[in-house]
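By letter and in written order, the chains are A, B, C, D, E and F; residue numbering begins at 1 in each of them.
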Amino acid sequence: MPIVTIKMIEGRTDDQKRDLVEKVTAAISESVDAPKENISIIIEEMQKSHFAIGGVRKSDL
Amino acid sequence: MPIVTIKMIEGRTDDQKRDLVEKVTAAISESVDAPKENISIIIEEMQKSHFAIGGVRKSDL
Amino acid sequence: MPIVTIKMIEGRTDDQKRDLVEKVTAAISESVDAPKENISIIIEEMQKSHFAIGGVRKSDL
Amino acid sequence: MPIVTIKMIEGRTDDQKRDLVEKVTAAISESVDAPKENISIIIEEMQKSHFAIGGVRKSDL
Amino acid sequence: MPIVTIKMIEGRTDDQKRDLVEKVTAAISESVDAPKENISIIIEEMQKSHFAIGGVRKSDL
Amino acid sequence: MPIVTIKMIEGRTDDQKRDLVEKVTAAISESVDAPKENISIIIEEMQKSHFAIGGVRKSDL
């Protein structure tokens, strides 16, 4: 039932994403004692021009 | 004022999406007594490689 | 797999919320041909002081 | 620490987006007294066929 | 049509929140040329025990 | 820069939540090679009456 959304800058490989969902699912299952099959993960990628910290976008650095 | 976000795997047709927002808007309007014009719906599509249940992505099944 | 989030002003009764998730689940299942058991719905309630249109909060109307 | 998500219909220019994150960051920093470097902004664009008000999508108007 | 979500640690006053939605609405309206009445803002407050950077929650600092 | 949101049913202890953000931060850092200090995690708890699968809320089971 945990539903996880991970927003990150685009550019990771398919292998990194596979590894990401495996490891995060395991981490949640262990820490809050939830069966793995109840854990959903959504990856959302952002372009560098769509993410800013301190008013400056990654694409403008 | 209800603001609805529907996340689903990509691949539905344009007709299915049109039907989706019509039916969901009607369902909300009836059940919580909100005027239809106050209901906003956002559809967000995910690639199969960006959604996992139980640590396994749809693209890896 | 459709994951639905419904944000609305607080104050609906428990019966309205039960009705809401039943009707919205049925509406999605019919329109995009998804089995009901794959559809998750999250209700998120907002205080009137936490929602604004046109720069004016519901609590200030 | 304020984390801001701005969802809007696609089509704004890169200059408009740069201006958007600058102005919104300044507006938040002034109003809630947060240092600018603590403010993150995510822009999420929607196609017209993925946004509906009153059960009608922007692409169907 | 811009729909904005602002997540921040709880504790701001009602006046700060009123000011926040006014200023952010104006900032968006100016920068992307959207009528103010089309801009919705949702404020979501987090407890310090529900927000972490670098694996450490605000409540544990 | 990864920004993670974890939605789950309320009821976990403070220790479980501390453990959760530590382990998830480590899992992300390892799998996508991001420095821990760039990873933000937000926990959002839901009441059982605000979460449904298959049209039935957890509170109605």
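Remarks
Note that a residue touches a chain if its C-beta (ideal position, glycine included) is under 8 Å from a C-beta of that chain, and two chains touch if they have at least 3 such contacts.
Here's who's who by UniProt: A, B, C, D, E, F = Tautomerase.
This structure is a prediction, so every number in the text was calculated from the model and none was measured.
Traced through touching neighbours, the fewest hops from chain A to chain E number 2. The set of chains in contact with chain C as well as chain D comprises A, B, E, F. The two copies, chain C and chain E, are related by a rotation of 120°, based on C-alpha atoms and rounded to the nearest 5.
Under half of the residue numbers found at the chain A and chain B interface occur in both copies, marking it as a different-residue contact. A repeat of the C-F interface exists among B-E, A-C or C-E; more than half of the contact pairs are identical by residue number at C-E. Chain F has its Cα centroid 11 Å from the Cα centroid of chain A. Chain D and chain F have Cα centroids separated by 24 Å. Chain A and chain D have CA centres that are 20 Å apart.
Shared interface positions of chain B, defined as residues touching 2 or more other chains, are 3, 7, 17, 22, 26, 40, 42, 51, 53. Applying the touch criterion to all chain pairs gives A-B, A-C, A-D, A-F, B-C, B-D, B-E, C-E, C-F, D-E, D-F, E-F.
For chain F in complex with chain A, the touching residues are 1-9, 12, 16-17, 19-20, 22-24, 26-28, 30-34, 51, 53, 58. The touching residues of chain A, counted against chain D in their complex, run 7, 46, 49-57, 60.
On the chain E side of its complex with chain C, the touching residues are 14, 17-18, 21-22, 25-26, 36-45.
Note for the complex: chain A touches chain C at residues 3, 40, 42.
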